[in-house]
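In what comes next, subunit A is part of two complexes: it sits with subunit B in the first one and with subunit C in the second one.
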Partner chain A sequence: MFKLVTFRRFTAVLGGVVAAVLVAVVVFFVIYAWPAIRLNGWHFFTSNTWNLGNLYANPIERNGRMILPGAHYGILFLIAGTLLSTLIAVVLAVPIGAMAAVFLAECVPSQLRTAVSFFVELLAAIPSVVFGLWGYVVVIPFLGHHVYPWMTAHLGFLPFLSGAPGSGYGLLTAGLVLALMIVPLITATVRDALVSQYRGLRDAALALGATRFETLWTVQLPATRRVLVGSGILATGRALGETMAVLMISGNALNYLPRNIYSPISTMASFIVSQLDSALQDPTGLAVRSLGEVALALLLIAVVVNGAARLLLYYQDRTTGTTS
Partner chain B sequence: MAAASASTFVPPRQRRRLRRRLTDGLGWTVSTVAFLLLGAATISIFWAIAARGAHALHLAIFTQVTQGTAGGLLNAIEGTLLLAVGGLLLAIPPGMAAGIFLAEFGASRFAPVLRFMSDVLVGLPSIVVGYFVYIVAVVDLGWGFSALAGAIALAIISLPYITRTSEMAFRQVPADMRDAARALGATDGHVILRICLPIAASSVLTGVLLALAISVGETAPLLYTAGWSNYTWNGHLTHEPVGYLTYAIWAFITEPFQSAHALAYAAALLVSAFVLVISIASRMLMAASRRHSR
Partner chain C sequence: MPDLDFRAAVTRARPAAQPAAEPAEAVATREVNFYYGSRQVLFDITLTAPEREILALIGPSGCGKSTFLRTLNRMNDTIPNTRLTGVVRVEGEDIYAPGADPIALRRRVGLIFQRSNPFPFSIRDNVAYGLKVNGLAKRKADRDAAVERSLQLAGLWDEVKDRLDTPAHALSGGQQQRLCIARALAIEPRILLMDEPASALDPIATSRIEELALELKTRYTIIIVTHNLQQAARISDRTAFFLSGRLVETAPTQQLFTNPGRKETEDYLTGRFG
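Take a look at the complex of A and B:
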């Protein structure tokens, strides 16, 4: 007997909503941003001016579209701010996260491991806006008054570390807080990979006379390479899309490329929050659609980055049977 | 190991041993320091919030609504719970269905696609979700800033977490249980809902708690969907903005008034304490279900 509505089909259709949401969001932003994509072309990514134009003037025609006089949409400064803050975060978080994972996997007895790991994993549970608050009331005054002036005075001979130390809002502050936000992901993944590793690997190296750390550094850590890279890419994706904390501590620069590591920046995600209200004032609607193009670019980066990381981690699961 | 030169008195073999021992000590020191740095940051964050929040927390926070940048947070506490629970109610049916499908019918060709898309959905920046719901629901459907728009945004963010934990939960159920039930003539639906679900329930609940913690802490997807309101909810799902705690943190800390700062700190303490309690509870639940399944 053929049944049209089986339990299997029911879960497939209802569960398919999860996949449909992702497709819907991507398709929506392509359609929504299309007028802006046509108007802006590649200049969108290569020019450095985000200008809504004269909001009180009558719209003029350009490339067959009505647009406010003086309007220009370029987001090079956002791309720079996003990539540089993420770069700082990942460069700090990957080694620190991996080494903290080593401590948890090798130096903490297994009965205490869950409890001690909690200290790091709690960082993943703290909401973005609370990180922003902490950055705003604790980190910025400390860095801006004590650390950055010292850095310009003593490390100013290095490129990007010289120049005005600013007030504490900026690239390095954003990178540091982002690093803390993404580090638990790396620590948890690498720790699990180390703990669930095949023991024979370690024992063989120790039997050959390697010290505990040599074993770890030359045998155990290299064996987790794929997990480390996969979690690093996932962490990169999270840093790229982080909104609230960056909004509160980055200085929200407009049309300004960072000159040094203390410069105020904006990221694509934080820019959407800070500019949506004013973009809505544009009667031609192109400002808000260009902001939609920012969201689309961010969305596609996130899909590519997360997709790549997942494929890498799936492959690891299949080849070694470890869980990620 | 590079060969040691014979330029000093120390015999090369002994020098190498010394160097290896030093490298060993240095390596473990670095890993300990890395952990301590992260632990110190965690403590600094919780201390900053707890110390400032404790000063700001008083009874009026729970009994009064916000008046401008003073008063209490009753409206925001209620709104946060409303949005988070509403989001969960919307996310649990499709999320659990997807998890069950992946665990029970994983051989299907659609399964790897669904799992991959669910995992990519986790990485979607939350502001993009907020922007999407803003244009579609708030503007195009004309709902305005509303509880329903905010709950939908939170549901989209919670979906992949519920999917993933449900899949894990149903995979934990021993295959013997299913085989035994099927041998007695039970259908797919009966096996999954009556046999597997009771066993998987506590693990599914862990995922729901995780999604609840994430929903309570979210800000970006709510700014342009839920809006903000100084009043308690009047029961309307649309056309009525809703306040929530994370908005109070973000908006009030940059105001120049003491009373506004106090509200922001109190809101931060409430959100952090809630997230902390849920994290601990879900961990205990997970440990309990693991013991149970052994």
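Take a look at the complex of A and C:
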């Protein structure tokens, strides 16, 4: 019994450390960003202007804090850019990833499945900076010269698809490349769920006269709903936090809300990287603290999205059957 | 011969004589051979199942009785690298003829599995599933009526009528199995195949399934695979004994259990192997 008790304590300590790290990070950022939080107030989320102020002027006092004259921190455009690019990525990647999983689990012979799956998982292992550079040199010129002009010309009657197609940097490009990065996450998870799924479920549907497709679509995929949502949460987290690739292809818009799907954007994660150097020039330190507040807000969004997805799952579970 | 329990069961369950007139054939196979890859698991099975009777398939594990059962609704088609030779007729129609539609066949030949396998849907949606995929009872009122009728046939209606929209997985094991039977009955099959439907159930749930089978036999032809000799004796009209992929003997149940024609059958029934 002694050994079990020791082991339990050991795992409890390790588990506690993991939880403590998360809490410590949040607490640190709250303390660090506190002056910025007090100064910026709610305007931080509703204002669309990020301005470091005059770096060459003497700091002035406001609300008991020294700040640069003209300094103003608002990140509405960042929130919009982050949420919209993630939305595009997830909306594209979940069905594509699920379909790819179905293909791997059902259509590829089991001898070949390992090899094909290996390549899918390899796709997940590509460093994001590689995706970013590829997006920069290949995807952007192609989309900017060929696809987006065609889309405005032929699909311009749809909202958000009209207007100037730009040069290829922007919201849709970021969404597409993000989608490509998260598809393998979804595919690998859902494929595992399908392969390990209880066969009787499939057989039951077939025995009732369902076709292979109907079986997949109405029984097997719905039965993986939990896994699908779970992998969607993971993928959303990855898309929200993706930094390097987005930095290289999003157009790095400043103080600009996207007008259409081709508009340049910035995301919170990439903005922190691109602005850190400038922010360090601020002698009052408030710019870096405001970036800390951006990080805190990103963390908050991730938690809210995660919580919302789990809540959705909880309600679906309670009323299973209404969605078959 | 020792006086075995199942023999008592035969006389208990069936004091009446066998039906006099030989009924029509629901299922008839001729020289069916079946292969998993290069391994042959069924050898020249020639067997008939008369209409509105219960035919029990018995035999030791791995004797091919489940495989045989699944040739009758072409479920084995869904396993890669399998091959069948011979003729299987369901209500006179050669179901392995070129152009025969396995989907339409499975609508007529329902299958109940060893392990209950309700879908992760509500009770109502489970029963209605077959109707939906087959495009039957499209109006909601018709569908609800079919759901009620099937659940009543399966003896589950009174237990679930107030919670049709709750998850099927909340039901007990025996209820789940009767739900699966209701699900199969909803599309009004002509023949019900049952693959050890009660092997995972407790004695009370088992007896409910057996009573159900006896009730259903007035409208359906039932072919049941069972490991439970008493069960075969209690409910079946005819019994077929399989051994190592071969059909050793088939006879009216009472006759097979009390006076088996073959030495292997007797050895199996008296527990010398299997």
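Details
In this text, the second predicted complex is superposed on the first by the 279 of 324 C-alpha atoms of A that agree within 3 Å, B and C clash if a C-alpha of one lies under 4 Å from a C-alpha of the other, contacts with A are read in each partner's own complex, and residues count from 1 in each chain.
Simple rule for what comes next: a residue touches a chain if its C-beta (ideal position, glycine included) is under 8 Å from a C-beta of that chain, and two chains touch if they have at least 3 such contacts.
Here the structure is a predicted model, which is why all the values come from computation and not from measurement.
Of the two partner chains placed around the shared chain by superposition, subunit C is the only one that A:Ala205 touches, whereas subunit B remains out of contact.
Once the two complexes are overlaid on the shared chain, A:Ala269 sits against subunit B while remaining clear of subunit C. Touch criterion not met for A:Ile88: it reaches neither subunit B nor subunit C. By the touch criterion defined above, A:Val183 reaches subunit B but does not reach subunit C. With both structures placed on the common chain, the touch criterion links A:Leu228 to neither subunit B nor subunit C.
In the superposition on chain A, contact is made by A:Phe10 with subunit B only, not with subunit C. By the touch criterion defined above, A:Phe118 lies against subunit B but remains apart from subunit C after alignment on the C-alpha atoms of chain A.
When both complexes are overlaid on chain A, the residue A:Phe213 reaches subunit B alone and has no touch with subunit C.
Which of subunit B and subunit C touches more residues of subunit A: that partner is B. In the superposition on chain A, subunit A positions 211, 214 are in contact with subunit B in one complex as well as with subunit C in the other.
For subunit A in complex with subunit C, the touching residues are 109, 198, 200-211, 214, 218-219, 222-223, 319-322, 324.
Of all residues in subunit A, only 6-8, 10-12, 14-19, 21-23, 25, 28-29, 32, 95-97, 99-100, 102-104, 106-107, 114, 118-123, 125-134, 136-138, 180, 183-184, 187, 211-214, 216-217, 234, 237-238, 240-244, 247-248, 269, 272-273, 276, 291-292, 295, 298-299, 302-303, 305-307, 309-311 touch subunit B in the complex they form. Those residues of subunit C whose C-beta lies close enough to touch subunit A in the complex are 73, 75, 78, 80, 103-104, 106-107, 110-111, 113, 115, 117-126, 129-130, 132-134, 165-169, 180, 183-184, 187. Looking at the complex, you find that subunit B touches subunit A at residues 20-21, 23-24, 27-28, 30-35, 37-39, 41-46, 48-49, 52, 93-95, 97-102, 104-105, 108, 110, 113-114, 116-129, 131-132, 134-136, 156, 159-160, 163, 187-189, 192, 213, 216-220, 223-224, 246, 249-250, 253-254, 264, 268, 271-272, 275-276, 278-279, 283, 287.
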